[in-house]
Every structure is written in C-alpha cells, then in structure tokens.
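Chain naming follows the written order as A, B, C, D, E and F, and within any one chain the residues start at number 1.
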Amino acid sequence: MTPAPLPVQLVEEAVRRALEEDLGLAGDITSNACIPAAATSRAVIAARKAGVIAGVELARAAFRLVDPTIKLRIGRGDGARAHIADAVMRIEGASRGILSAERVALNFLSHLSGVATATAALVEAVKGTKAKIVCTRKTTPGLRAFEKYAVLCGGGSNHRFGLFDAVMIKDNHIAAAGGIALALRAAKASVGHMVKIEIEVDDLAGLEEAIGGGADIVMLDNMSTEELKRAVEINRGRAILEASGNVTLETVRAIAETGVDIISSGWITHSAPALDLGLDF
Amino acid sequence: MTPAPLPVQLVEEAVRRALEEDLGLAGDITSNACIPAAATSRAVIAARKAGVIAGVELARAAFRLVDPTIKLRIGRGDGARAHIADAVMRIEGASRGILSAERVALNFLSHLSGVATATAALVEAVKGTKAKIVCTRKTTPGLRAFEKYAVLCGGGSNHRFGLFDAVMIKDNHIAAAGGIALALRAAKASVGHMVKIEIEVDDLAGLEEAIGGGADIVMLDNMSTEELKRAVEINRGRAILEASGNVTLETVRAIAETGVDIISSGWITHSAPALDLGLDF
Amino acid sequence: MTPAPLPVQLVEEAVRRALEEDLGLAGDITSNACIPAAATSRAVIAARKAGVIAGVELARAAFRLVDPTIKLRIGRGDGARAHIADAVMRIEGASRGILSAERVALNFLSHLSGVATATAALVEAVKGTKAKIVCTRKTTPGLRAFEKYAVLCGGGSNHRFGLFDAVMIKDNHIAAAGGIALALRAAKASVGHMVKIEIEVDDLAGLEEAIGGGADIVMLDNMSTEELKRAVEINRGRAILEASGNVTLETVRAIAETGVDIISSGWITHSAPALDLGLDF
Amino acid sequence: MTPAPLPVQLVEEAVRRALEEDLGLAGDITSNACIPAAATSRAVIAARKAGVIAGVELARAAFRLVDPTIKLRIGRGDGARAHIADAVMRIEGASRGILSAERVALNFLSHLSGVATATAALVEAVKGTKAKIVCTRKTTPGLRAFEKYAVLCGGGSNHRFGLFDAVMIKDNHIAAAGGIALALRAAKASVGHMVKIEIEVDDLAGLEEAIGGGADIVMLDNMSTEELKRAVEINRGRAILEASGNVTLETVRAIAETGVDIISSGWITHSAPALDLGLDF
Amino acid sequence: MTPAPLPVQLVEEAVRRALEEDLGLAGDITSNACIPAAATSRAVIAARKAGVIAGVELARAAFRLVDPTIKLRIGRGDGARAHIADAVMRIEGASRGILSAERVALNFLSHLSGVATATAALVEAVKGTKAKIVCTRKTTPGLRAFEKYAVLCGGGSNHRFGLFDAVMIKDNHIAAAGGIALALRAAKASVGHMVKIEIEVDDLAGLEEAIGGGADIVMLDNMSTEELKRAVEINRGRAILEASGNVTLETVRAIAETGVDIISSGWITHSAPALDLGLDF
Amino acid sequence: MTPAPLPVQLVEEAVRRALEEDLGLAGDITSNACIPAAATSRAVIAARKAGVIAGVELARAAFRLVDPTIKLRIGRGDGARAHIADAVMRIEGASRGILSAERVALNFLSHLSGVATATAALVEAVKGTKAKIVCTRKTTPGLRAFEKYAVLCGGGSNHRFGLFDAVMIKDNHIAAAGGIALALRAAKASVGHMVKIEIEVDDLAGLEEAIGGGADIVMLDNMSTEELKRAVEINRGRAILEASGNVTLETVRAIAETGVDIISSGWITHSAPALDLGLDF
C-alpha cells in the first residue's frame, strides 16, 4: 500500500538537520580529497534483507539537497516489498554528491523501512481477521511524522498523533476525575465535536461503564484473550475496542481472533530493527 | 561509566522539538479536561527490564520545559545499570505537567538506554580483551549526538562524528584515487594535521599497502577471524586495526580475541531495541 | 470560562517573533534616550471598551522576555468579562522595559480579546439553544493556536485545527470521488480510527446519503432555516449537524433555533475588531 | 497603486509557517483520501465583495511551496481594485496541491486585502486634501511587514516600522525627561543623523515648544478640528503635523480639511475586516 | 560613553550560534577529560593592549548559556577605556564551564572592542570639530547590530542600519531616475514621512541640485578638502553634509576641519583589528 | 589553491541571515523608488587592491537568493590571486536585484578575501620551509566555517574546528589533571581512537614529558627561535610540533626556519583587514 505523500516541508527540514549532523562545518573531507569534482557514477540502493520500503522521499531529498543535479529512479517505492538484492533506487550523478548524501539517505530509508517491515509482519499475522494494527506515541523523538507514515507503508493504521488531537483517558486521569463516568463527562464538556474520546479500562466492569459514558473507543489494557473475547461480546459493536499490551509476533494472531477492532503496538516504532540496505556503485 | 555531559543547547533544542510534536497547537487536552490545575503528584520512572541508563538530562529537560517547578531526583544516572523495578527517576510536582511531559521523557530515555544497553552487552562480551566497541555513522537522523553519548554510557567508545572530522577512505575513494597509496597521499595533502586518516581494506595485501601509506587506522572489512589474526600479526602495532562487519553478540568475542584494537557496530545505534521503562504514579 | 493553558513554547516563540519585529537591531531608541535606566513605574492595562479578555499569557511573556524583573498582577484573566475602565493587568518595574514591551503585549491582547469578544456575542445570542459556536480554519496566518484558544475564552468551541486532524469532505472531493457515498467510503478506508469524518452537503438528499454513508458530522452549507429545521428532523440525532454560511449576530439565533448542533463562523477569527485596551502609567 | 515588492525571504518564511499550521504532521488527509494523485483542475480566486487586493505574492508562495508545478495567472494584482466576481487569480495544476494550499493562500489574501480596502476607504475620503493616511504599530503580531505593505497597496503611507527606526516621544518620555524641550534635546543627543524625531503633544502650547525644540514631526493627539486648524496656522509649515485619535470614515474628511499633513489610523491594521474572497473550481 | 543596551534576544541568538560552532555535537572534550566536574576557579579577562571595551553583554551571555551558576563582575563596561592589564571582567564558578565558554566570550569581546577602539581613535582625532564619526553598511555579515553598537561605545554615531530604514541615492539610482532632481522626486513620492533621504554627489554642481531637490543629507564622495570646504560654504547649513572616502587616521582631522557634519568610515567595522584580550586563571 | 566546496546549506543559511539584516521588513526602498522594475544592468566586482579571493559562493548565493534570474560569470575564483582592477565576477540581470544584493555579496567577499590574503602573505613568507600556516579558534562569531575555508584558499591549513573534534590540553588542564603525563593519560582514557591529542608546553622539559606521554602534537607556546630549534632537535620527528605566539609577517620566516611543522596565527582570522573590492556598473 502506498500512503499519501508526506508534507514536503517536513521532509526537507528533517533531511536538512540530518545533513548538518553529518557534514558539519567542513563537509565530506574524504570525498573532496580523493574524488575529482567532475567524476560521475551510477549507484544503486539495494536490499540486503527482504522487507517493506518506506522513506523514499527522504532519501530523494538527501541527494537533492546535496546536489540538485543527481538523478534518481525508484525501483521499489514506499509500501512495496523488496526481496534480497532488489534495487530500491538507482542514482546517477556526481560521485562526490552521491557519497556525501549516501549515509543520510540510507539512515532514513533503513530506519523507516524497518518500521514498515515490522508493521507488515504484524499485519500479515492478523490477515483475515478484522483487526487493524496501529502504532502509538512511543516514537523516536523528532521522527514521529515519518514513523507514523512508515506504519501506513507497512499496511498498518495510525492512532492519535499527539496529546493534542484526541482524548485518551488513562488510569491517572480517571483517578483524578473521580471515576470513568466523571472522566468521560469532563472530557466531553471540554473538547470540541471533532475530537474522539478513548478511555483505558483494565476490567470488564470498566468497559461497561466506559460504553455507558459514551466513549468512542475503549482500550483494553493487558487483558487475556479470554477477557478480550468477553469484552467483544459485551460491547456488541457499540464502541471501537482496542487491545493493548503484550503484543508480539507470537501473540498478535490470538489477540486478533478475539474480535477486537484495533491492536496497538509500541514495538513497531520504538524497537523495530533497521532494514539492511546498502548503496553499491 | 558516566561520560561528560552533553552540550545543554543540543539537549534543549531536541527536547523542544519533541514536545512540539507531542503537544501540537492545543496541548494535552486530556489532562486539561480531567485533572485540576492545582493537583500535584509523585511519580517514578522505573525499569521494567534490566539495562544501562542513558538520557537522564533529556528527560529532565522535558519536565523542566513543560513546567519548571517540577522536581526530580535521579535514582540511576547515565551509565548506571538498572535492575527490574529500580527507580531511575522520582518526579514530584503538578500532575498536569508530569503527564504532559511523560511520553517525551520516556521516549528519549527508553531509546537511549536501549542504545547503552546494547553497547554494554557487546562490551561485556569482549571483557578481558583489548578491543574497544565503537559505534558508526549509522545513527537515527537527528539524534546522532545523543546516540554517540549513549554508546559512551554503555562503556563503548566513539568513531568519527560525521564526514567532517576524520578521513575514512572506502572502496569508491580508492578506486577514484587510483589505489590505496594514492588515496592516502591525496588525503594527507588535503586535510590538516589534526585529522586522523582511516582506510578500509578487504585483504591483507591492502593492509600492508595501507600501513606503508601511513594510515592511522585500517578498517578490516568483513574478514574472517583467521584473516583478522593474520592482520594483527602483520601490523605489529603500527596502525590501529578496526574490525567491521558481521559483529553480533555471538561473534564479537571471537573477533576481539584476534587482537584487533577496535570493533565497530552499526547495530547498537540503528537497531537496538528500546529499554522498557515506565512511569508510575 | 477559562480554557486550559496554551503550550508555553508556542507562546514564547510567537512573542519572540513579535518583539523582533518591533525592536529590530537597535531596540527602543526613544525610551533609551529619554528615560533613565534606573527609573521604575507602575502601569495598568485597562479596558477602553467592554469585552472578554484573551491572551494574558502572551502579554505576560512580552514583558518577561524584555525584562524578567517586571512584575504583573492579573485583574481580568482569560475568559473574564472586562467592563470599561476595568484593570486587566497591573505592571510594575523598570520604565524602559514596560515601554519597550507595551505595544507587543497590547497587540496580542487586543487582537485575541477581540476574537473572544466576538465569539461571546454569538454565544450569548444562542443562549438556551443547544447550538455550539465554533470557529473555522479562516484564521490569521501564524496565530491559529491563539485564535482557537481565544474562541474558547469567549465560550465557543473549536472545529478541526488543520487539514491533518479531521476529514472534511467538500464539493470538490465529492466530485472527484464520484459522489457522497464513494467519498465517505474512500475516507473511511484511508484514515485511522481516531479521526472524525465530516462531509458538506447542500441539500437534503445529500444529507440522507451522508448519514447512510456513516458521516460523523454533516455540514449543511448555506441552507435556509426552513431547510435546517427539516434537516434536523430527517437526522433524528444520527449525525452531528453543523450549520455554516451567513452566520451573523442578526441571523445566528434563528439558525440555532432550528436545532442544529454546531454553528460555525469565520467572522469571529478573520474579521473580529480588536478590543480597545490601553496602557496607562 | 502597486508598491515595491516584499523581500522574498519574508514572504516564504511567513507562508511556510502558515502551511505548517495547516498541514501538521499528516498533511491534507481529506484530499489524499478522495482525490487521485494525477487529477488536475482549474480554479479561480474571485472577489465576493469589492475591494483592493494585497498579498498576491503570499498566495503565490502558498501554491508554489505545496506544489511547484502549479501555474498561476494574476487577474487583479496588488493595489488593483476588484469588483464583485472579478477573478483575482487563476490557478491550474494538480487538484490535491490546489486544495492543500487553498486556505493558506486565501487567509493571507483576504486579510491583507482587508487592510488595503480599509486604507483605500480612508484615502478616498480625504481625496483633494494634502493629508496622507498612515498606519501605526498597532499591527497583527508576526504580520507587520505585510500589513505595512497592504497599507501601501491601499494608497496609504507608512509610519515608522518599529521602536528602532524613528524616535516617537510620548507623554511618559516627556515626563521622564523633564519636559518637551529636554526630551527633544535628549533624543537629538542620542540618535544618529538619519533618524527622524517625532513628539506627541496634547495642546497648542506643547506644539510651540516642540517646534522650538526642533521636532521633525509633531503628533497632535486627540485634538478637535478647531485645535487642529489652529495648530496648522501656528506651525506655518515648520514641522510635519500628524493628527491622531478618533479617526473614522466619518471623521477623517473633517480632520484632513484642517490642513494637517498626516492622519494615522490603527483601525486599518488591527480591525479591518477580511475581504471576502473565494476559490471556485 | 555607554550606549543603550542591545535587545536581549539578539544577544542570546548570536551567542547561541557561536557556542554551537565551538561545542559541536560532543562539547569540550578536553576539559571533560582533564578537569573534575566539581572543580571551581576564579579567572579574569584582562586587556593585553589598551582600548575601548564593547560586547560585555555578549561575553556574559556566553558564560550564562554554558553554565548559569557562573558569576561575573564587570571591571570595564561597554564604552570604558581599558589600559594594559586592566581587568575587564572577573569570573568565578565551575572550571569546566569557564573554559568551555572562554573562547566564544573572548571572540565577541575582542572583535567588538576592536571596532570600538578604532572608532574612538577617529573620534579622538576630530575632537573640537563638529564632525561626527559614523559607520556604514560595510559590516561583518551576521554581526551588524553588534558592530553598530560597538561604534556607539567608541563614541561614534550610526548611519542607516540597512537598505530599509533610509533612502541613500547613489550614482546608479541617479542615472536610472534621470538625474539628481528626478531621483529625489521619485524618492519623496515613494517613501513615508518618517524616512530621511540622502543623496551622493561627486561635484559641487550636484550639491546645489541636491539641496534644491530637498535632500536631507548630501554625501560628498571622495572630494578633496578644498572641495569639501567649498561645499560647506555653498550649503549654508541647509542640508546635513557627509564626507565619505579616503577616511584614515591621517586624513580625518583635515576632513573634519572643513566643517562637514558627518564623516563615514567603513574601516572601523570591516577592518578594525581585534583588541587583544586574554583570560587568565 | 582551490579547496573543496563549502556545504551548500551553511552558505545559504549565512547569506539569508545577512540579507535579513540588510533588507529588514521593507527591502531596498531606494532602488524601489528610483529604478524601474524592468531595468537590467551589467556590473562587475573588481579588485581595488591586490589579494587572494575567497567567498565566491557566498556572493553567488546573495544574488541568487535576491533574484534567481541574475547571471554570474566568475573571473577570479576562490584561491585565485586578483590584481588591481581584475574582474572577480561579472553580473548581469535586473538592476534592482543587483543593487539589493550588492552589499551583502561584497561584505562576505571582502571579509573572506581579506582572510585569504593575510594567510597567503604568511604562506609566502615561509615558502621553502616545511612549516604549514594554520588558523586557530579565534574566529569571527558565526563565520568559523567560512574563515577556516578562506584560510585554505590562502594556501594555509586548518587547526581543529572547535572544542569537540580534537583535544588541546592547556595550562589549566595540566594543572587540574596534576601534570602533563596525567593530563595526557586522562585524555587518552576519555576520547576515542579517531581524536588527535595536542598539548601546550612552555619549556623543553615539558616537551620531553609530552612526547613521552604520547601526545600527537605539541604546541610550543611563545618560545624564542632558539628554544624552538632546540625543541625540533629533541623531538627527532616523534610528535608534530606547533609554534604559537608572536607570529607576524616579520617573525614568521625565522620561526619557520627552526624546523617546526606548524605555525598557528590568530591574526589571519581575527584581524585581517578586508580586501578592497567594489561593484561597478
């Protein structure tokens, strides 16, 4: 699946910052010493492990910002599955520029393709159920927009983007508000009509109270699959049900088969290993 | 081991950016709805898995920038090993502020402690050999300074910070310059006396030529442990030898026992899983 | 009503930019010439017209960023109604600092209090009906967070913050997607479970199709009060109904009495006159 | 009248900030869901009320920064008068890009055309007198450069840009300096030869002292038209005379006919209603 | 002479940028290695050559931004004359912080004191004449505000700050406008009443035409002292006369004695040698 | 000599900041008043004094950022020697754009060519010896990358870029660490294998201890040429020797003839006079 494109300003700003980290005040002193300014090359970014690609526009921006005359052709775009040795991107232009941008391009592409690949593994595991795999706010600082996007590339879906765009009532909020019903009432009184309201419960009594209080979504925190099944029955389609906690490649299928709507995973953004990609001349 | 502190401006700028991602234009709408402005709490960030801590100053900045009156006490500082349930940090102050900063603080702390923990595992594995574990430029875009620092917290050491502060001659540079000796000569003519020069070789003939050409460091790329041992013998302490490629927890001891000086790992920065930390009230 | 506080970073960044506009490279050359550095004053920001106050934190930041030793006491906080001659804020400290920050503080406070006052007028007009007054994306560039907040101060509520946090399907989207039902289906397939979906219709047939397609909110564009009443009957509480177009102080009561849930007004943000406030020594 | 163009960096920076507000981390999720990437459209920005146009370059930048392939043709440029239904700008290109940039483009254009239209109304009212209509520092925070420019588009003229580029001595400065003559002397001793000096007086005795002290401009604050006439006679062309206070469409002609040189209005920047413009496909 | 203080935001932003240059991603690795975190020191910034001090606030900000607990006492403030070995500033606090901020503090202080000292030399040379020494727009990029301020510290005065705050008509403008009179007419028609108008002439005929055209200031470009004297006679106090070109310590007195009002020098900002200052423990 | 190009982002950011300083909120009001928008010109930047050119890319960026249609041809590129009246750069395009960018372009070019010219004078003076001329961290705040680059244009070489990329142990560090040997040991234990270690000594005993402790470079501070010669003999090629202190055009040859490897000069960056360049139409 190819999600809609990222806002171009976000892409350029993040790539600019990464290039600053890598080029410092003196630039690529090795290439400048060893490679003539006029030398040109063809190179290819290829997959060394199989996975799902995400971040092609960030890699493109890295090459363009270093040298706007470098030309790219995309072999595997965002959301495509790459097999070992597949060409993700072919690059042609000044050798110095290609080498100066290489690491930044690969760092974005490997990291985000890692997120997409991890997401795709969970999505694959729940195939045939109605459960959607979604990410959380446990993202790498500074890269949230890109990791959320990589989750879409992997076939997943997005939870809220931050503290600002949806209500998520957790145990501390419930305690402070005086209970589930009161917390929901406070939230409804406070936020606008465009904002969805989710509440976290840890038992089935809480679920009933949450539905009664008008929650749009109920998060079932760390429940057993037995409890989750029971929750689905109790719910009868009234609220959207989200299972959270202990979601791994091993457990996710069983969780999905309970009939929940949403399964959220922090692992796909905070701990997915980078996809192994390399640039060869 | 506690490394020297990070420049404070880097810390504040990164935390500010992460807070912007999470707070958007409307802030923490859930806490604002459910929690009275005057409510205060005590909370603790505790380890849910064992590991080495890194990033305490970033977490501190997250709480301070949201609410400067929040008070912190550090239980496990950067470089300290935390066991399951150990208190890393105790937090006291306005409940709203604690909840608004919680996720940003944890995202930095979990990510960087993950890097430190992965580094410490490799360092532990080579204990008793002279090999140092170092990171590479395969870092998360925007977080290089912090990941380099987390490697120090884990007992590792740093390689160059970017393209600008050391020469690293790779195969493409050698090809463009016309061979190892010519590449080294070009580098020496081009860079200042404060810059170290490293060259990558993939066989022992290359090593001899690199040492003869005056390389400060020679990177032995993807060599077998047999070849590495032979390289150490040939070198006789003239250059610093760095082993690179196929470095895992399983292979690292054998690599270290060949007598190389430096073992570099991209995995500790690009793929280390986050350390599981949680904030409890 | 006092809404939850604005994220402090947004406040400081906006005030800093405004101070840069006003102070340039040379600062307040008049006060520097005429007023001794050691002179101190007491001043008061007072209402010269009655209205609802918004933006006190921005004014506070203006004084603090120019001179952190200036002291403020708030007479009328955000959301409070000020009568002519009421003291909104009392200021005490270095005369130069007070004069240098005065205009920036007043520009924020007058503009945002103007938005709050306009909102409050519409809110007052619909009192007793169930209709909520909400703002739109027709905000002053660079000030959206603050104007949305000022709407809350005036007793109104917020619509979506931007293109990113909710779906709003308009005529061009419907045309491109091939009709109301198809556009809703495309939106549901594309966005996550936390995102609300609104669609604009211009007749009652459209309303029926929108409800059938599962829209969370239906915007009734430029309908007569007769049509709006009919829409409320047809809807039977299934979707949230928003009336839009031709909303003025004269028309808003009649619109509210049709029974719609939401009335949106661009005027309260893009054309509300500034509230007349002045600083007196 | 078409004033000289705005510095391009100011334009791009302001538009970038406005796009960030509107696009957030996820972009235009509605257009992305409903409109094919390849779809193209023709659209027109048309006047729904008559007025004077200002801000065309900001609108242009909004479309260009979202999608550089969008093409624009200008129907009514900055400073031109648009009648109802006149095409201000014709736009052709990718439908998604046009829709994503539409609101930011219109927000700038409507706001600044509102300022230009209000200015033009005052300018029209004083036609045939020698009085110039000028704006003040009562501008919308962050938009001063653009509002000052819009005043020029409306046929007005600019007062100082900030605290830094001219001296304006007000009552507090006079009190602190020990009188009009002493304040003028302090200012002359302090500022360079390129800086003009204005002083505010509230009676005719003050005017005489101000002229004697060498003020370049004297602001006559809140004087009756009788007093203004008398001031013009007393002045005999020595200083530039500026009338300030109670300037409305109703009063401005009488003020101008007193013979003052300059009439300043805060209303044209802080309270001018937006000009109603819309984008139609 | 102590001029009015610089806007604090300008100071902090410039110092922050300079600290970033010097501290990079890893900070002061030498002090971190050699000096215990708890070590404290007393140090003094002393003059190694005599001169006029400027930039104390920038030095103060360097220490404060690195370590807010460092304490400073000022021995010679901005505008004061320091003799060899005079203590400009005494510093007390953490040794690491002092050493990390030292170079940035000294770089600002030496550069700006160099500008002040050069200015003071010219001012001293024209003592007793009515000529004021002013700087130009030939400043170091990024440091204009500070160099303009340093000129004031040295007893000089400021010319315009940029292209935006005053009109300066040069030969190309005159040629394009069709002559001196037409250029002045165009300028008067274009700019507001707060903007002064200067024109450059290279002969006495030009001077007459410039005065007739209503120029506020006439720049006499590269004229001999004979011509300058003649210009002063012709002028009879109508315009402000500025001498420009070939202004050196040797020539400036003779130029001043011609009776011109203003003598402008690029040298005091673009080529003044740094004042030799050092930090001693 | 033409050094490798500067990172393009550094160039654009610095030029943007300088243009903001010069154009402010209103732009080039003189050219806008006097020169028709459609007027075009040819101009040339020519040397008025002989020197070595540096900064051509910064000048190019100034013209491009103001008006991307302006065309440049380079007559004397970075590192080339310009004689009086030589054309450094020919410029063709809109007259307004050329005039608006002129001063920023010249300010960069004159300043950096001044640095290159000063460097070249020292390099010329030591011709035939093995000594390299290097710069220090005594650079103009905000311009370090460019001044370091200009030193290369002048035939010099670079010392470390900041506190972060090399160890430089000075007297305070030695005192805190407990002596030369202990300071070197601390540094070696603390920094990675890519970082060079330099130590400052002020007598020959210190030199011996520094070499014994494994310093890569030893800085000989303020030694007489006799001492320097003796140091070269003692060293026997083991460490790199850097002479520092009292380096002037008069003394540098004698210092170089002692046989030291490196001679560092602060003067070439902090006090080099600007090269006199002018733009003629």
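One rule holds in what follows: a contact is a pair of C-beta atoms (placed from the backbone, for glycine too) under 8 Å apart; a residue touches a chain by one contact, two chains touch by 3 or more.
Because the structure is a prediction, the values reported are computed rather than measured.
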Count of contact steps on the shortest path from chain B to chain F: 1
Shared chain contacts [chain E and chain F, defined touch]: A, B, C, D
Chain pair with the higher count of C-beta pairs in contact (A-E, C-D): C-D
Superposing rotation of chain A relative to chain C, computed on C-alpha atoms, to nearest 5°: 180
Fraction-based call for chain F against chain D, same above half, different below: different
Centroid spacing, where centroids are CA-atom means, of chain A and chain D in whole angstrom: 45
Where chain A and chain B are represented by their mean Cα positions, the distance between them in whole Å: 22
Residue list for chain C, restricted to those that touch at least two other chains: 4, 21, 23-29, 32-33, 144-145, 158, 161-162, 164-165, 190, 195
Residues on chain E engaged by chain D in the complex (per definition of touch): 4, 132, 134, 157-161, 164-166, 190, 192-196, 198, 217, 240, 242, 261-262
Residues of chain C that touch chain D when the two form their complex: 14-15, 17-18, 21-36, 39, 41, 95, 99-100, 103-104, 106-108, 110-111, 114, 137-145, 161-165, 167-177, 183, 186-187, 189-191, 195, 267, 270-271, 273-274, 281
Touching residues on chain C, where the partner in the complex is chain E: 16, 19-20, 23-29, 32-33, 65-66
Interfacial residue positions of chain A with respect to chain E in the complex: 21, 24-25
Residues of chain F touching chain A in the complex: 3-10, 144-145, 148, 158, 161-162
